[in-house]
Each structure stands twice: as C-alpha cells, then as structure tokens.
Amino acid sequence: MLTRRATRAFISPPSDPTPEVAVKGRSLWADAGARFARNRAAVAGAVVLALLCVFAFLGGLISPWDNETIDWGMLGQVSTVGGPSLETGHWFGVDETGRDLYARTVQGTRISLAVGIIGALVAVGIGTVWGAVAGYVGSRVDNVMMRLVDVMIAVPYMFVLILLMVVFERSVIMLFVGVGLISWLDMARIVRGQTLTLKNREFVEAAIATGVRTPTIIARHIVPNLLGIVVVYATLLVPSMILFESFVSFLGLGVQEPQTSLGALIAQGASQMRNDVPWMLGFPLAIFVILLFALFFVGDGLRDALDPKDR
Amino acid sequence: MTAFLIRRLLIAIPTILFLIVLSFVLMEVAPGSPFDSERGVPQYVLDNLEAKYGLDRPPWERLGLYVWNIVTDFDFGPTFTYRDRTVNDIIAQGFPVTLTYGFWSGIAAMAVGIPLGIVAALKQNSWIDTLAVGFSVGAQVLPNFVMAPILVLVFTLWLGWLPGGGWGGGQWNYLVLPVIALSTSYMASIARLTRSSMLEVLNAPFIRTARAKGLPMRRVVWRHALKPAMLPVISYLGPTFAFLITGSVLIDVFFSTGGIGQFFVAAALGRDYAIIMGVTILYGVIVVALNLLVDLLYAWIDPKIRYA
Amino acid sequence: MFRRSALMLSAATAMALTLPATAAEVPEGTNLAEEQVFRYRLLDQFPTLDPQLNEETAGSHVIRQLFEGLMNQDAQGNLVPGVATGFEASEGNTVYTFTLRDDARWSNGEPVTAQDFVYAWRRAADPATASPYQWYVELTQIENAAEIVAGEMDPSELGVEAVDNKTLRVTLTNPLPYFPAMTTYATLFPAPQATIEEHGDDWTDPANMVSNGAYVLDSLSLNETFTLTKNPEYWDAENVVIDRVEGYVVNDSNQSLTRYEAGEYDMLEPLPAGAYPRLEEERPDEAHSVPRLCSYYYPINFREGDDVPEALRDPNVRRALSLAVDRDVIVDQVLQGGQRPAYNFTHWATAGFELPEMDMASMTQAERDAEAQRLWEEAGSPDLDLRLIYNTSDEHRQIATVVSQMWKQKLGVDTELSNSEWAVYLEKRREGGFDLARSAWCGDYNEASTFLDLMTTPHGSNDGKFSNARYDELMAQSKTAEDPQPLYTEAEQIIADEVAMIPIYHYANTFLLNPEIKGFPMENVENNWYVKDFYRVAEE
C-alpha cells in the first residue's frame, strides 16, 4: 500500500545489508541544519507546513461558524447560495448539509495531521525498538524477530486494515494505531542494519565492559545514535499515513461525524462533483495537496541533510 | 542458492498459516453475522443456515477443517453470500481480472517511470527535472478516488472514447482508464526512486573515471550506470507489483471490473468469512512469491550478494 | 390494491380471470427501434438467481424476468394471470385451486406442471435448503408450513398438491384473502426439478440454467454484468418485444450517473443523493419520482435495563423529540426527490389505507417547535445525550446530521452520531445498542399490515422492542376483520400517542429512464417490473 510503497522509494532497499546512513556525533546536527537551510524547496516546505499547522490549530478561532452547525438558509440550495463568500462568513462555502466548509476543513486538517504524526510515531516507535533489540541482542533472538518480520511483510495490509476497522469499529485512536501498525516493518529492518554496525563501536564496547545492562545500552547508546535515520523515516512516513487515511475515509471507514478529516472531506466533495459545487472538492483537496507537497519536500530535505552522501 | 530457496519456501508455510489464523480470528471477533439483513431474520432461519455452513461447530474445529480441505482438495469452501458459487469459483473469475490490471499497471509504471527518472537525473536541475519532480510529487498526492471520476468524466462522458467501467472480457479499451488510475502514483514513485538512485551512481568514482577516460555520456549511462542504478528500483518492484495486485480495491469497486478487490470489500463488510480467508491467503502467496522473485533477480544483477 | 382486488376475487369465490394477459402492448404505428435491448444499472451484485434462495430486490428483478409464477402483476400492481390462467378460492379462503395454462413450457421445452410448483414450494420450506426466505413460506399460512420450517415435519407434508399436471391445490391454515398475490414473489416461483437434481448448486450457471419466464440467462460475470436473452419457449414469446436484457453492476453512485449520461444504460436507480433536482431540470423526460412502499423512521429503544437514558421513558420527551424534527426540511431540502414527510408509519400510498388524522401532521412546524419546547420544559428540560446509530451511506449521514442539529438547536439535546458499516450496524440494532436507530421498512405486499405488524411485540424486526397489549390485540383482530381500516387507524394512533418511533418520511423511488423505453409500470408502487411488457421505440 501507500505507506510502504512511498517509504521504500526513499529508504535503502530492505534486503541491502550495507548501511547507507551513518549518523556520527553531535556536530552532524549542526551540519545537517546548515545543509537543510541551503535547500530552498525544503525551507519553503517547512514554512508552508508551519502555516498549515497554524491554520489547523488556530484557524478555527477567527471563523464565525463551527464545524457542525447547519446554516439552515443554505440547506437545499447549496449549489446556488452555498458558495464561498465573505458576506455569509462561509469563506470556503458550505457542505451539502449546510455546514461551514472552512471550519470543517480546519478541523479535518487537524485530524489528518494528527493521524499522520501519531501513526508515524507508532510505526517508528515499534520499528525502532524491534530493530534495535533484534540487532543488538543478535543470534537466536535476532533470527526469530526478523523471521517474524518476514512473515508479517507478506500480510496484505490493505485488507487487514479494512478488517481492523470493521472489527474494532471506527475510532480515531484505532485509525492512528491501525495505520501505524502496518508501517513499522521496514523501520525495523533498517534500524536493525544500523544497530549491527553500531554494536561493535568503541563506545558500546566500553559500555559493555563497564557492566551496563543490555536494556540500558539499547536505550542510552544505540537508540540515540539511530535518531537521524529515524527522523528521516518518520517525516517520510507522515504523508503516506495521511494518504492512507484518505483511502480509508473513501471506503467510509473513517472518523465519526460530526468530526471529519481531509480524506473524508475530499471523498464527500468528489461524490458531489456533478452537482455544481466545486468548492466542496476544491478547498479540501487544495489544502491536502499543499500539505503533502510540503511534507514531501521537508522529508526530502531532511533526508539529504542528514545523509552525509551527496546526492 | 538452493539452500536459500528452500529456506524461503519453508518460511512461506508458517506465513500462510499465520495469515489463515489472523483472518480467522479477526472474523471470529468481528460483530455481525453473514446472514443478517435489514429485515430481522427469524432464529430458525439462522439456525438452518448455520447448520448448512457448519457454523454451529466450535471455532477450532472449523479452522482445522478449513485448513484440511485446502491441503487435501485445494477446496476453499462455499461462500455465504453467493449461494450458488464456491470461493474457488470467485477466485477463478476475479483473479485473472485483477492480475491483468496489476500486470499492465506495473508495466505502465515502469515504462514511464524509469525513463522519466533517468532523464530527470541526467538533466538535473533543468526544467525537465523540475517538471518530472513536480509531476511525480503531484501524482503521488492526488488520491486516485479523485482521479478516477475525473478520468471517466473526460474520456467517457465528454470525449466518448472509452467505456466508463466493466471488464469487457479484457479488451484493451476497457483496460485503459483503470490502468491509468492504478498506475499513476506508482509511476511517480518509480520515477523519483530512479532519479535519486541514478544521481547517486552518476556521482560514484567509477562513473567519474569512465567519464574522465572520455567515454560518451550515452555509453556511460547504458553500459555502466544503468545496472547499479536499477538495484533499488528492482527491490521496489516486488512490493509494487504486490501492491498493484492487492491494491486494486478502488479500481475494482469504482470501475466494476468483477476483480477480487470488490469481492473482498463486500465480503469484509458482509462478514463472508470464506471469501475473506480465501482472498487473504491468495494474496499472501502472491506477496511471498514476488518477494522471493525480487531476491533472486537481485542476486542475478548484483553478484556481490551471496545467499548463504 | 392488493387487499381490495383480493376481496373482490374472494367475493366471487369461483372466478377464472379472463383479462388478457399478453406481454408488451405496442400501439399501432409505433416506430420500433432496430435493436430491442434494455440495459439497466444494478447498485449491488445479486447473491443468487435461485428463486427459492433469493432474499433481496436486485435478484428479485432478474428472477422475475427469468421465471414466471402463478400470478403476475400489471402496470398498476393488479393481479393478472401468469402460469395459472385463474384460480378458485373455496372454504372461506382456505383452499385455493389454480389452473395452469397448457402452453407453459420450460426453456428446455418441457411443460411446466403443477408438480414443479409443489417441488419448488417444498424446497423453499425445507430446512435443508436453508433459504433465508423460509419465513415467507410460513407467512403464506400454507398448511404445516410453520412445522416444516421449524424442522418438526417432513417437507412432503406441506399443504400443496398437484391434483393433476395442470391443477394445483393449496390448503391454508388460516383464511388469507391475499394469498394469490403472494405467488408473484420469487420464493413461490416454480423450479426445474430435473435440472436441479442433475447439477446441484451449479444449476443456476448460464450453461445449466433452465427457466420458464420470458427470458433465459445468457451470461453472468459477478460484480460486473449479466445478459438475458429472449426465451423462445415462453408461452407468450410472440408478444415479447425486447430481445435482450443487460445489467451492469455499478457500486459508486456518481460513477453510475456519469455512465448513464454517457449512454451506457437505459435505467439508473437509485439516483445519487441530492442529484434529483438538477436531473429533473436537465432531463425532464427521463427523471421520474414515483411512490415506493417504504417508510423511513427512527425506532426508539424500549428495552428494560439497557443503558437507555431515563428521560426517554417519558412519552412527553419522546413526543418533543418527534415534534422537533422538521420533516419538510428533510424531504424538501435534503432528499429533494418527491418523498413525503411522515407523521405515521404506514406509507401513504398503501392500497386501501386511509391516512389517519394525526394532530402532528396538521400543525405548522412553528407550532410543532413551540409544542416541543413546552413539552420539554414540562418534562424538566432533561439533560439528554442520545446515541443515534446508522449505517454508512451519504443519505443516512445527511439525515442524521440534520436531525441531530435540530435537536441540539431546539431542545439542547446532544446526539452522538454512530456510523457503522452494515453488519455491525445490524448487530447493534438487533442487540439494542442504541437509543435511536436509522431504519426503513419496505412492504412485502401492498397492504397496511405489512407495516403495522412490525410494531407487534414478537415481530423479528421490532428492534426497539416496543410492546403494547392493545396494539397486539388490534393487529391480531385485523387478520380476520371484514374491514380492518378502523383497526389500523387505532394502531397508528397508539404508535403516535406512545411515540413508539419517530417516523421521518415515506419513500419515493427516483430514477432515470431513457424515454425510448416504453411500457415501464410507473404506477406499480411495489416497483415490480417485467421486461416482457417493455418495448423500445426508435430514436427520433
């Protein structure tokens, strides 16, 4: 599906055992910052992203309408009077039940961002721990854990997610966890590869020699050194999560009314495509596309900045 | 090599078993029965139906019987929805359809994505590059449930060139719109991946050496750069084909192709356990097979990799 | 229609129908199209074409073309002869004797005999067949049906017998004046015993299928398309004009409209939510809205001990909620397809049913709102959180959204909208996991009891578990009453007084039909159409 497809496109092939990204020491972060600042597309993306966050979290404050109140005067004649207008206070127009589209888009963006970020965090969290433990402990534990990943990678996730949404009913939490659960496998593989190279480094050996316990070594020495790749991966995962959520919403398995998400708004807008109400699709889709563009550019920029190899 | 193959094939067995148990358990705990309808069904009707399909037996017994029938007769059982069909019938009808769309979409994604990526890399920072990058990001972020209706509106209603849906026995004109809708975003990721991988290879010392020796660019690209640059792309193709085949849900639903995806969604929503398990297993096998294929291809292209 | 015609018939006790029952009636001088084909869109794939196993509308439409039962319906929904040329009712409507026409044949040339009906009906009742419509056989009151479906008696004991090849005698447990009309439904169609025994479950394959209607199954590709072709063995084949029927399964409602507009099919039903006003304007010859015997309502959960808010036990609270729902807004501004606001349960177009005078119906919405607020304050303005469940669909979502906002603004009630997909929703509704549940009921036959029976205590679809002794008594009496109308009026009054449910609207069927197709039964409120009655005129 979307998630793994997109991330694979950016990250080294899973079966390639050679590490691509090696993050060393602290000075690299300053380096990376400078490299990122030189990348105009990435900086522009970051600025747009910041603006969208402001839109999503503060945009509701200036609107005269909320996301669920129906403008009864609009209902039933949305295509003629429900368009975007400064006078009515419906800056993005209204949806087919007369609710303010601006307020709904603001709220939908918030949900979509939350789904993307929390989903990515879940995936990255599980993947990092799993990969670090497998890589560091090694031998039989590694073998079992990575074979499990091999098994799981064969699961058709599109279907499992549909089943999960059906079984656990739709709830935003389940949505976050569901999309997160399907994307940690690649992360686990990459982190494991990294861990294998870190394991034999002097500072780890020093820690072992001084008798530090294994969990502490993983938490204190291994994971912090994986941060670079984890950050890159997480950024690239967020847009995939948001795309995935939109597909789930299209199937009608998304968030509950009156809550909405960008995906749900786009799906509803697309279903009204023939009813002379272009704003219902246009505004949510525009925000969605801008958001994803920004995320992609920021992700690319971060990867280039944190990856010492020149591209 | 043989040992590697055997090991991978052995892994496939627990994988498939895991899939069977996972989908079985999910369906067991899912609320709702396959025989519910808007009108309340009397208890005796439910009892008769459950007896007919053996749903009155304990779950572990059904699971065992299910696996047993597959192993001995390759029989995936009857469906609860389509009363006069078996799961084998459903797969026999839907799978060739889904496979055809997946295959042509994969071909289209590669045929456009790879050249686009190479050209963009060779002309880095030119307008072609900008255009290619813009296209590929744009194509990735436009949900295909928005693209599909626009395609139908343009090519079916306004231009009248192509049918708006159906399988039509696999005639080419029925394939065009679904293939475009299905392949575009994969096309875009392949283009992006090819571009970045090509750029990396072009900056590698051995290419610089070849250039320094005065070899023409065309020859350098064809003889030296292409093969290593394709490595990450190939490792991406396996999952891509798998997703093209398993990811055809939207295409099947939207274009009424009669493909597997539509059956799966309907079965998941209608609690048709039999179809869900059959399709999940089928897709699991495909994913395992494609991953294996990619690993073999990879070994063939990159002799450094040894499967011990 | 139903009961009236049935009563008329039973009054005559022995009556052979003499109406002409030919297929398409093409007026003189009509310029018929070269290619006589009818194409239509199906929302969902039908699960089966086996008449006895069928349980839903999409399949019923196709089976009605493939098979023919004892009786058919005409364009108005009146009974006309099918395989039977007529029937005789005797012993106070408990014994029906049908005479089968001599020239009725299966598509393999074999004659259709009374034995084919006996076989089919026993098959439908047999628990081993596990038909989801077994209960329909029980509903017909055929002798021993109830015992057979429960597995207590052998199917051969069913009260139906072939007196000879062309005479079928049915014995009922209770008098049922509308029994002949029940034979127009797929469950009671004949079945080809030899074919079924030869091929088992595969008998409905296009290669194996044998049928006795105006058409035979030519091809079938699930979730995509199917075709029917004219059956040359059909007794009235010479009057069947349409040669081929094609069905296209299109799930996505907007995609279905685009494909209709591109001319891929002649009929589109149902229309996408909210599209009717625009289509009516742009395509006045094609857009139709006709009454359809279904009612949309929100049952209220009356279960004891469930976590239903205590305030909902107060009839005045329920009444205030019902009053606050502005049905006119829903039908005129949300649905916009010729539906009618509902203040009672039974659909207004039900045959022989007079709408009782409901005081709620005669008020203006302003009066209703004022009354709602008065009742609300009287009840102590309870702090109410309601849980409204509905299944995933644009229309249900829109109505639920609008209704919840009406309650919020007028009464300050918070409504949790709980949208689930189909199977989950059905389970929640059945198990009582709701305060209010989106529901709709479509008449099985054209008579008020098909609606009103639903609110009786034991009814399987009484999901709110409403129970009222007087109501149950009224409905029991209505079964044998000469004139059941006063009983129905009182029953409706009980529903209204107790606010057993919140009726929302009475359905209309909105669809697009290519004007080249003639003979479509617009006045058949059960939406039973026979392609054999259609013909296609040439483009002008």
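We call the chains A, B and C, going by the order they appear; numbering starts again at 1 in every chain.
One rule holds in what follows: a residue touches a chain if its C-beta (ideal position, glycine included) is under 8 Å from a C-beta of that chain, and two chains touch if they have at least 3 such contacts.
Keep in mind that this is a model prediction, so the values were computed, not measured.
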Relative to chain C, chain with the most remote C-alpha centre: A
Selected pair, greater C-beta contact count between B-C and A-C: B-C
Distance between chain centroids, defined by C-alpha means - chain A, chain B (Å): 22
Between chain A and chain C, centroid-to-centroid distance (C-alpha), Å: 47
Intercentroid distance (Cα basis), chain C paired with chain B, Å: 40
Chain C: positions in contact with at least two other chains: 254, 258, 421, 423-424
Per-residue overlap in chain B, given as positions that touch at least 2 other chains: 30-31, 149, 153, 269
Multi-partner residues of chain A (at least 2 other chains): 166, 169, 270, 273
Footprint of chain A on chain C - complex, ascending: 253-254, 257-258, 272-275, 278, 329, 332-334, 336, 392-394, 397-398, 400-402, 404-405, 417-421, 423-424
List of chain B residues in touch with chain A within their complex: 11-12, 14-15, 18-19, 22-23, 26-27, 29-31, 137-138, 140-143, 145-146, 149-150, 153, 185-186, 189-190, 192-193, 196, 199-200, 203, 231-232, 235-236, 239-240, 242-243, 246-247, 249-250, 264-265, 268-269, 276, 279-280, 283-284, 287-288, 291, 294-295, 298
Parts of chain A lying in touch with chain B, wherever the complex brings them together: 1-2, 4-6, 8-10, 12-16, 147, 150-156, 158-160, 162-164, 166-167, 169, 239, 243, 246-247, 250-251, 263, 266-267, 270, 273, 281, 285, 288-289, 292-293, 296-297, 309-311
In the complex, chain C residues that touch chain B: 44-45, 47-50, 53, 55-56, 127-128, 130-132, 134-135, 149-151, 201-205, 221-225, 248-252, 254-255, 258-259, 261-262, 264, 421-424, 426-428, 430, 440, 459-463
Chain C partner contacts - residues on chain B that touch it in the complex: 30-42, 44-45, 48-49, 51-52, 78, 81-85, 90, 93-94, 148-149, 152-153, 156-157, 160, 163-167, 252-259, 262-263, 266, 269-271
